[in-house]
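We just call them A, B, C, D, E and F in the order they show up, numbering each chain from 1.
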Amino acid sequence: MSEPFFQPVSGFELPRFAGVPTFMRLPYVLPDHARYGDVDVGVIGVPWDSGTTNRPGPRHGPRQLRDASTMIRAQHAVSGVRPFEALNCADLGDVGPNPADIADSMERITNFYKGVVDAGITPLTAGGDHLTSLPVLRAVAKDGPLGMVHFDSHTDLFHSYFNGQMYTHGTPFRRAVEEGLLDPKRVVQIGLRGSMYDSEDRDFARAEGIRLILIEEFFDRGVADVMAEAREIVGEKPTYVSYDIDFVDPTFAPGTGTPEVGGPNSYQALQVCRELEGVNIVGADMVEVSPPFDASGNTAFLGVSIMFEILCVIAASRAA
Amino acid sequence: MSEPFFQPVSGFELPRFAGVPTFMRLPYVLPDHARYGDVDVGVIGVPWDSGTTNRPGPRHGPRQLRDASTMIRAQHAVSGVRPFEALNCADLGDVGPNPADIADSMERITNFYKGVVDAGITPLTAGGDHLTSLPVLRAVAKDGPLGMVHFDSHTDLFHSYFNGQMYTHGTPFRRAVEEGLLDPKRVVQIGLRGSMYDSEDRDFARAEGIRLILIEEFFDRGVADVMAEAREIVGEKPTYVSYDIDFVDPTFAPGTGTPEVGGPNSYQALQVCRELEGVNIVGADMVEVSPPFDASGNTAFLGVSIMFEILCVIAASRAA
Amino acid sequence: MSEPFFQPVSGFELPRFAGVPTFMRLPYVLPDHARYGDVDVGVIGVPWDSGTTNRPGPRHGPRQLRDASTMIRAQHAVSGVRPFEALNCADLGDVGPNPADIADSMERITNFYKGVVDAGITPLTAGGDHLTSLPVLRAVAKDGPLGMVHFDSHTDLFHSYFNGQMYTHGTPFRRAVEEGLLDPKRVVQIGLRGSMYDSEDRDFARAEGIRLILIEEFFDRGVADVMAEAREIVGEKPTYVSYDIDFVDPTFAPGTGTPEVGGPNSYQALQVCRELEGVNIVGADMVEVSPPFDASGNTAFLGVSIMFEILCVIAASRAA
Amino acid sequence: MSEPFFQPVSGFELPRFAGVPTFMRLPYVLPDHARYGDVDVGVIGVPWDSGTTNRPGPRHGPRQLRDASTMIRAQHAVSGVRPFEALNCADLGDVGPNPADIADSMERITNFYKGVVDAGITPLTAGGDHLTSLPVLRAVAKDGPLGMVHFDSHTDLFHSYFNGQMYTHGTPFRRAVEEGLLDPKRVVQIGLRGSMYDSEDRDFARAEGIRLILIEEFFDRGVADVMAEAREIVGEKPTYVSYDIDFVDPTFAPGTGTPEVGGPNSYQALQVCRELEGVNIVGADMVEVSPPFDASGNTAFLGVSIMFEILCVIAASRAA
Amino acid sequence: MSEPFFQPVSGFELPRFAGVPTFMRLPYVLPDHARYGDVDVGVIGVPWDSGTTNRPGPRHGPRQLRDASTMIRAQHAVSGVRPFEALNCADLGDVGPNPADIADSMERITNFYKGVVDAGITPLTAGGDHLTSLPVLRAVAKDGPLGMVHFDSHTDLFHSYFNGQMYTHGTPFRRAVEEGLLDPKRVVQIGLRGSMYDSEDRDFARAEGIRLILIEEFFDRGVADVMAEAREIVGEKPTYVSYDIDFVDPTFAPGTGTPEVGGPNSYQALQVCRELEGVNIVGADMVEVSPPFDASGNTAFLGVSIMFEILCVIAASRAA
Amino acid sequence: MSEPFFQPVSGFELPRFAGVPTFMRLPYVLPDHARYGDVDVGVIGVPWDSGTTNRPGPRHGPRQLRDASTMIRAQHAVSGVRPFEALNCADLGDVGPNPADIADSMERITNFYKGVVDAGITPLTAGGDHLTSLPVLRAVAKDGPLGMVHFDSHTDLFHSYFNGQMYTHGTPFRRAVEEGLLDPKRVVQIGLRGSMYDSEDRDFARAEGIRLILIEEFFDRGVADVMAEAREIVGEKPTYVSYDIDFVDPTFAPGTGTPEVGGPNSYQALQVCRELEGVNIVGADMVEVSPPFDASGNTAFLGVSIMFEILCVIAASRAA
């Protein structure tokens, strides 16, 4: 069991509205902290949205996610898992981006995550827009291409935007496949929907062997069946989980920049995570939470609830 | 049939946005009113949130519920019940709380409800936070412990908070069982979910025989099956219905203080009420509507729509 | 294939937040424009809400719908239809109402639509409250009564309001049947719910042969089954599609004046449109979007997503 | 001193958030109430906005003004006046409009106010858009043309709108002068600003002798000097006070339909009322409060604070 | 000059939206921290609103104030003071209240502040409602009664509320005078306004010698003149500064529970602080910031801007 | 007088809420339009915020400014100027930026404005963040350095941010001086305030001869006196006017990314423009309007009201 140092503050003792909000009320352990080396899972903020092609705001995501996360308690309601006892969890702070330089920011992010990975910490990221996943993968996929379970309403597999712009939140996984960070045969994208520019992204996916699951198939087959296939696709090898909040219907998660109506509800948004049990998760992210478009913080609360589900799955998988 | 005095104002004659908003545009009948003794069902506001452990606001609930209730019309869309013709209904006003003294407030509430019960009026309460149910039960359960159908995402069965605080919105039903106001064998709690502090509340429930239905079971079995069991649990004896708006998914009901994502939608929120037909309802409440977290009033509109469903069920049950 | 003139601006070239927002970034073709005669489907705004009996605001609908529509892209995600290539589509501007005179406004609207119909253009209307449909039908039904698929939580079949007021957003289809614009035997209303004044509207419907599908039947049977019946009811003859945004649950579409809880979600809101393929659509409208009650614009985004679905169905039906 | 019956409920006893909100927590005295004849000043709601040419919403004004008015206490902070002791004040309810018929609504309003005036009650109106003032004046000016102190950013003196529409919220005082309800020589309009269509309204004013005080003159001379002139203009004869909330800068009062930036602040908004002491006020109104554009209710709170100032001035003037 | 440890993070290096938000991006130094004894000025949160008689919410104040405070930079724009270099400043965390027990909470607060004062730290408090000042004063006034400069629209000098409730946010300074924590002859209250229950509070003030400056006098004399008198009243002896955000006009600070219109603007809100230079400040607070009533955080930004002004004045006064 | 083609649509004929919103309802004249060469003043949108160091959003500015601008009428309330008759004005559309590449975007902007300037059109820009001014000045200052009247709470004269980033919204005028686009001796910055990083920007200003007017001086001297000096500084030679909306107090203009409390009100915000009469204005901009932080659009309405003032001054100056 985890040490007292790594236990979150209980709402029974300090009301949830009190205190400086770290992720899930965990200890704040920056890289130079004495206990950094003891961390199993590190929650990291990447307040960055320079890759956003439409409505900006995810740079404010980590702070609002931390604020909402003080509502998270210690135990899972169904599995009974107590992740903070099973694993040493900590808030590792934010990677400071350069809002005016994409290349510099990506380098800062990759460097920070290399340190995390080298310390044996599994990173759970709070973005940031979806371009965040690329510099993170550059650090996490250090031993070869990863599988990926990707929840999203978009493929993010486009070649480029605006006259040849290669690095936007619509292109990270095209780059990741090109750079050998992902094994396309072990990638599944779930929840796709919304009107399309054209078929260029899907053509790429099909050519590479990426499995695309449109929202219609998701609703027709149901969570359990779809996720069983997802587990089969990624298999037992190291896998990344990337969760774009716009996977969820925008009514449940309005705080995002490129919403697409007609998506899953919040119950389904949680259930898909539970079905990840057994997957060899080496990193995960929650991206595209954009506070300016949901001042209530409800989107962020759903976001951290999903992060808690993923954390419980990691804890359960490792305990098994 | 009910007299003209007890008929609500029609939106065909006076637009819904006009007039002083009493509950469902019913007559306002304070205890000293000449027609008080003729009331069958009294709608009562309890603007009080001193038991709230996190985000406050339910003290503003009754006013916003009254405002939203002007949208309610005279006839049920499916059953065709016209409750205001079947029963003499009235707005009995608010119980004035003492915002700075929990014990004094509980005493005021219990005293007010004793008068209501003594007059033969069935109380339909608009809270207030969930601690409201305790002083109400102290009046309503005057002839012995009641059964209860309880819709909520939380059990509200905790022993105490914050260094031994026994009276909060997380403890009312623990107290009610201890005080003999509820018969735990005839209590069912539906919709439980969200991360947990620990299992202390559920352990108590199981030891006492309270039936807990988690949201997963609710979704797996469906409304009809779950509610059939609920009716069986409470049987034919007097039963209280307590409806915490946080039973509903917070996307449908954001105006509440302790939301838990992944809950029922508004259709299910209504359907569970319809399945209460035949239950011997001696009192009911709608609690935890917190206007500061939903200035739009949409949460309150759902709240009063649920209250209307309960009222129609009471009317139908008594007509049968 | 449609000419370059009729192609919308791509978000890959001009970001979606840039430019003056016409409907779906289509060319703006007023009646005196040289290309007016080449238009196949014209999107028209009717910024008018003088028929509103409760909360006003749909006069602001067309502008917010245009703004939100810049998020719509060129291709349907499932059918692959590219409507702007299949048909010459254009934004035909707004019909200027007289906010202080219902009769004058209706005449202006009918006159404008007569021009549209005479030019061989199929009108896709962005209202406006539901009274809008009446003056539109007066132009569109020039060759005899139409069938209608009507999505709504209300029948809008009332005789009158407020001391004999015959023209409100609660009466348009009563008038349309009386005026011979609709063939009641070929009319189906889907999604009905909410508390009722009385049964006067439903009695009329049943006497005339209008098929009423309550929300309970809708949920019990499912989209495919209900819509198969709808297609059968309207048959192959000319049919109008009227889509009141309050058909959708108000959580998904809060920006409307007379919401009724317990409705379909956004996925179902889209799916019902897809099931219109094959119907002989001679006009369609999206009404009751009320921006003051949803400053976020999310309701409007759902509204234009539905309009895009209808447009794709028109394109697919004509291609078949 | 006023009787106990006419005293508002104190916030020291019943918290301000409790109870059904009548205006200033006064007794609710409809025309058939036994105490109607004892009322000195009656606060009346006119929930009506059919004259609105731009953003609608004032139909919701009276309800929000009532809600906000529960914050008003019993005594003026500077003058020490206790108006509810000096005068019998009551909430006389709302005049029910016909939202779909301007002429019918005006007739209903005039009839209601004739009853008020005949009962010797001074009406203090909560609108409603500015067209409200016209049917009110038709009742109040029964003994000849009145003087008027008019606070507004617009003259509301236009001849007509939209192809000859004579009754809009931009035309009431043109009509009132034409109908002999106002003596233009005894009318002063204060706070005028904002871009103009043309000079037609000002030309009329100057021709008739209405005194126009632009916002620049108001700021240059100051409240005391301007109001001294206003008192001189209206003199000792019966005078109406019409207060359009858009007189105030829209930052202080965003909840209105036709805002004009660069206006007075809330302190000045109150001070101008205090300078009305001694004026022979036979009626007053607060119009154009539009709740949909300020869900917070802050505009309404300023509105009722102004109404309280006017009430105190009436009380002080009559005591003198 | 202050050590590097005590320097806030610069926005030039880490963007303001990044990182966990401590007050003004200062180090987080809880009582058991090694550097606690080196702190000169400690910023402390008191997330508590159990004394609130109307709209609740200040329990959420400290978190929103911390969030907004990341906008504060290192140097004063006019005086050039760099407070974080002049004094060792730190965020000392929150005092954890018991939301359901006023007496217990007050004891917790007083105990925490006794530790602060014993460590030689000057406390700068972020409330909490105004009852917060009482338990703080019980610690800070350990060597005898203090003078006080009190900015507020209310006196907070009432005897009691609701049937004898002695501890509410309307009574703290009555208690403080009774308990000998304040020397009434050295107390000045500035900004008083709003309708009144009666004169009981002012009568007490005048009997005790407390100087009351109504908003009219404030505006007539101007900031410099009023504040010169304030400095004279408190003299050179130890003085407390209590700043209720409702001193400011609610348009500039809507996020508060008992607003009163007609107050100072934000420029004046800052200027009054600057005029405190030279005062012997032994503690200060910013109270009644209520985030649920201003989700934008703008009220909190004004609140921390005022706190920064006070901090600069403390630094300048001590440097002199 | 201007031709009918260049006249805006009147709200007397088409209600303001109707129609596609071009700037001030002017004709939409893209560079390939036949009347492009006849334009005197062109209103141009630059939807771009890649230089923003804190809260993003000005990329959405032009659209919201256009929407709000439909409230602008034809004549100035004080001067009586009718700018659309005096000058041929048109909406020239948006310059399409590349949201992911600062250098590419600046080049696109400069190229677009070179075309504008070459056509003899005076550009009135709707930004965009303040970096927008730099690429605009590169086109407008083609004949040598310009003078500038700059309204802002910040100098925007910093050397760099984030590890050497030279192009952000905090550096445009440092670059403009370095590039010889501005003559620092003819530059005045008005309204400076807010906490500072350090004095580096002001040191540069003073070394170069730029006149800095802090907000304290502005309030002490008043609008007329300050602006007289401003006119003297820029003299008769070509001058640019740059208006950052954060010059205005954030209560009046909350929709901006880096607000500073304690600024001018909306009346003063307009008055400073009127005092520009006689200045030789060769270009002007309104920047930093950020819609996500003010969904109401009120900030944008103030922004376009200011743009109208500038337009009237240009018209009056040229007529003189």
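The criterion applied here is as follows: a residue touches a chain if its C-beta (ideal position, glycine included) is under 8 Å from a C-beta of that chain, and two chains touch if they have at least 3 such contacts.
These are the chains along with the protein names UniProt gives them: A, B, C, D, E, F = Agmatinase.
Computed from a predicted model, the values in this text were never measured in an experiment.
Looking at subunit B (Agmatinase) and subunit D (Agmatinase), the chains that touch each of them are C, E. In this structure subunit B (Agmatinase) contacts its sequence twin subunit C (Agmatinase) using mostly different residue numbers, the overlap staying below half. One simple way to say how far apart two chains are is to compare their mean CA positions; for subunit C (Agmatinase) and subunit D (Agmatinase) this gives 40 Å. Each chain gets one centre point, the mean of its Cα atoms, and the points for subunit C (Agmatinase) and subunit E (Agmatinase) are 55 Å apart. Residues of subunit C (Agmatinase) in contact with two or more other chains: 13, 15, 17, 53, 55, 59-60, 99, 161-163, 251, 265, 293, 296.
If each chain is drawn as a node and touching chains are joined, the picture fits none of the line, ring, star or complete shapes. Contact between chains, as defined at the top, is found for A-B, A-C, A-E, A-F, B-C, B-D, B-E, C-D, C-F, D-E, D-F, E-F.
Those residues of subunit B (Agmatinase) lying in contact with subunit C (Agmatinase) across their complex are 10-13, 15-17, 71-78, 80, 251-252, 265-267, 269-270, 296, 298, 301-302, 305, 308.
The residues of subunit D (Agmatinase) lying in touch with subunit C (Agmatinase) in their complex are 49-53, 55-57, 59-60, 98-102, 104, 161-163, 165, 167-168, 292-293. The residues of subunit D (Agmatinase) lying in touch with subunit F (Agmatinase) in their complex are 53-55, 161-163, 192-199, 214-216, 219, 249-251, 254, 258-259, 261-263, 265, 293.
Remark: subunit D (Agmatinase) residues 13-15, 17-22, 28, 45, 47, 59-60, 62-63, 66-67, 91, 93-94, 96-97, 99, 295-296 touch subunit B (Agmatinase) in the complex.
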